[in-house]
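After this come two complexes, each holding chain A, first together with chain B and then together with chain C.
And then the complex of A and B:
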């Protein structure tokens, strides 16, 4: 069996390992079982502050991710610049200003409540990330609004896909509308990574590895502590600012 | 801005002190590239800048291999920024996503600083990062 295709038992094992670690770290994942069966999914809710006006960003912050065109501060498009020519001064300013923050044209931000579910797809032999988002007032975000919460770095690539990478469909177990990240490419990118690791005989948690890749796209942070040795694990609550 | 002397110094360093088999296909980075990430680090014992960490970049799958694999990177640089640098260096297509992994299988958050990664996963004085290009979405 290809190492990049998961079966349901391996999925559950991966989820349980992830869950154990989550409990140690206080990261908030829970296993929701389907009544009377071993089937289930991982669930987590999280609040996230999203800039209200997450439009195109200045290149100087180092966050315009390989754009075809760049928009300057007035919104006018510039031609794609030859990377070799533009890197000099751009990256010097990026180094100076790169403290991990990004500028937004509007300084206000809003808080969005997310709910993430990790389900298993039999047909793709892969985990699938379902999610939905709400304002604090409980109003669910529509597809367009949800797009505005995706970091601009990812937005460009996602929107360039021939198939929609993020779309809405009925949750397979709950029957409610959820967004989800389409899993059709999962085997491809997981296969590349896993092959190298497994050649070395090192055990890998497929679910964790996959989540670390796809999670950030939809605002789900997968802390580094999932990957660090047990003895150095620190509860996230003690370090995470409120 | 690098002076000519500095450039010569670093060129010598590349050839002489880099422990990796760089001589097969190594070439000195261009000036603009060196302004971004400094070229393969000097012997860390003599390095004045403790704020940089040594990073070894390894390609996964059919991702192009960087001619220069070892870099001295500011601790505060983010994974995102590094991925962007590699993408530009490799002249990747706009549709191609570049992923960076620590421990060979875990993708750190794009906002994560490489210095922290080095503290957690560095060994033998360097941080090994695997990078992989993929059409991950769709």
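And then the complex of A and C:
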């Protein structure tokens, strides 16, 4: 039996561990149960500021700008910038220079509200990431707009591997359109991750490891604090070192 | 007894007489006539409605035309479900033809996936086939196929070519004799009155003591309410391709013969009509 395939119970255990850590760190994950059963999924919302001029798929020359990840909707310790400022004049964006490099300047950019769900696929024995995004006015982002919020470096990688590409899919529990990352390659890359970790004899949370690989592609950061030992739990936004 | 192969043909060539009417709120230059079509149960709406689109575009100005979508009695129809499933789920006990309303504006993007081209339908179809094979064969058969073989499955469906499709699909229906069946059965159970779009879980075709699981066994495990207990009145119909198979039918046989081209058994549980 391949160790890189998960069963539903292991998935739930991984989620619970992730949830405990998230609670300590104030990272905003919650468990949504399906009525009257043990089945459910992890859910999180977050806001990101995305440069308005990251542009369409083919503009990719020497990028150095990284999006600001603001704190989530649970209201924990907000960062200096107020996420509600939708006009975006407080946010930074990138402008292309003549030599193809980018400089960061003050100009408007978009604030996008993301919703992330982690479900279990029994067909593939793996977690699957479903997500959708809205403008602050509540208008949902279409596929092309979603692509334009993804860092150009990740776009190249996704383009080269169509099976990992982002596509629209019906949420298996809610029935609404979401975007998702296809899980058919998960066993492949998780096999490599698990092998490396198990060679070192360390315990591993499959769900957390998986999330740290796929999350950043769609703007979902998984802070390193998730991996620090439990007794030294530090809030994500605290300035005190561990 | 009918040959099992005949069942495959009957399934493939199932049709639903449908009447397409333009949504009265669409802006038209003159009145639009209804359009009649026999829809293949096993195909998908975007693949077989080019003529419907052309017909209605004749009475509309280009600037009033956005993404086409379909609705039945107020319910947007999910194009990524096989046509037969949509009919069985929403209109199985109504008088034919099936009356579908055509829309060209106000696309309900909270309910429906976008479908800008047939390549999106192809991607969904192939994704289902791969998922089904992951359940049946740990993806070994589908991964051993070449890209042109995958293409043959899609083209067979798109062009309504039974022989072309099954020349390739038969490989996905094989299994080691000693196993007695697939690893798990790809199925989805649809209910009418649930938030949850469908039930899909792991289920083996053969029990640990080597007995063949039946349709009844599947329902007992996944959706016991669908079954009628002794002395009770029947509340639900369990439909596959518009018929009610006997609950004693072996699940492995159903999977091999009554699956859709996407290799899934799509099972609709609908309330018994009360008239």
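One rule holds for everything that comes next: the second predicted complex is superposed on the first by the 177 of 242 C-alpha atoms of A that agree within 3 Å, B and C clash if a C-alpha of one lies under 4 Å from a C-alpha of the other, contacts with A are read in each partner's own complex, and residues count from 1 in each chain.
Everything below uses one rule, namely that contacts are C-beta pairs under 8 Å (C-beta built on N, C-alpha and C of every residue); 3 or more make two chains touch, one makes a residue touch a chain.
Note that the structure is a prediction, hence the values are computed from the model and not measured.
A.B. asks: Touch test for A:175: chain B only (first), chain C only (second), both, or neither?
C.D. replies: A:175 contacts chain C only, not chain B.
A.B. asks: Kindly classify A:197 by the partners it touches after superposition: chain B alone (first), chain C alone (second), both, or neither?
C.D. replies: Only chain B; A:197 stays clear of chain C.
A.B. asks: Of the two partners chain B and chain C, indicate the one touching more residues belonging to chain A.
C.D. replies: Larger number of chain A residues touched: B.
A.B. asks: Could you look at A:156 and tell me whether it touches chain B, chain C, both or neither (first, second, both, neither)?
C.D. replies: first
A.B. asks: Considering only the touch criterion stated at the top, classify A:185 as touching first (chain B), second (chain C), both, or neither.
C.D. replies: In the superposition, A:185 contacts chain B only.
A.B. asks: Could you say whether A:226 touches chain B, chain C, both of them, or neither, answering first, second, both or neither?
C.D. replies: Touch partner of A:226: chain B, not chain C.
A.B. asks: Is there a shared patch on chain A that both chain B and chain C touch, and which residues make it up?
C.D. replies: 182, 184
A.B. asks: Help me check something: in the complex, which residues belonging to chain C touch chain A?
C.D. replies: Within the complex, chain C contacts chain A at residues 78, 80, 109-114, 120, 123, 127, 130-131, 134-135, 139, 186, 195-198, 200-202.
A.B. asks: So in the complex, the part of chain A that touches chain C is made up of which residues?
C.D. replies: Result: residues 34, 122-124, 140, 142-143, 167-177, 182, 184 of chain A touch chain C.
A.B. asks: Inside the complex, what are the residues of chain B that reach chain A?
C.D. replies: Listed in rising order, the residues of chain B that touch chain A are 30-33, 35-36, 60-61, 74, 76-78, 80-81, 84-85, 87-88, 91-92, 94-95, 97, 99, 101-113, 116-117, 120-121, 130, 132, 134-138.
A.B. asks: What residues on chain A touch chain B, complex-wise?
C.D. replies: 62-63, 65-68, 83-85, 87-88, 91-92, 94-95, 98-100, 151, 153, 156-158, 160-163, 165, 181-182, 184-185, 188-189, 192-197, 200, 202, 204, 208-209, 212-214, 216, 221-224, 226-228, 232
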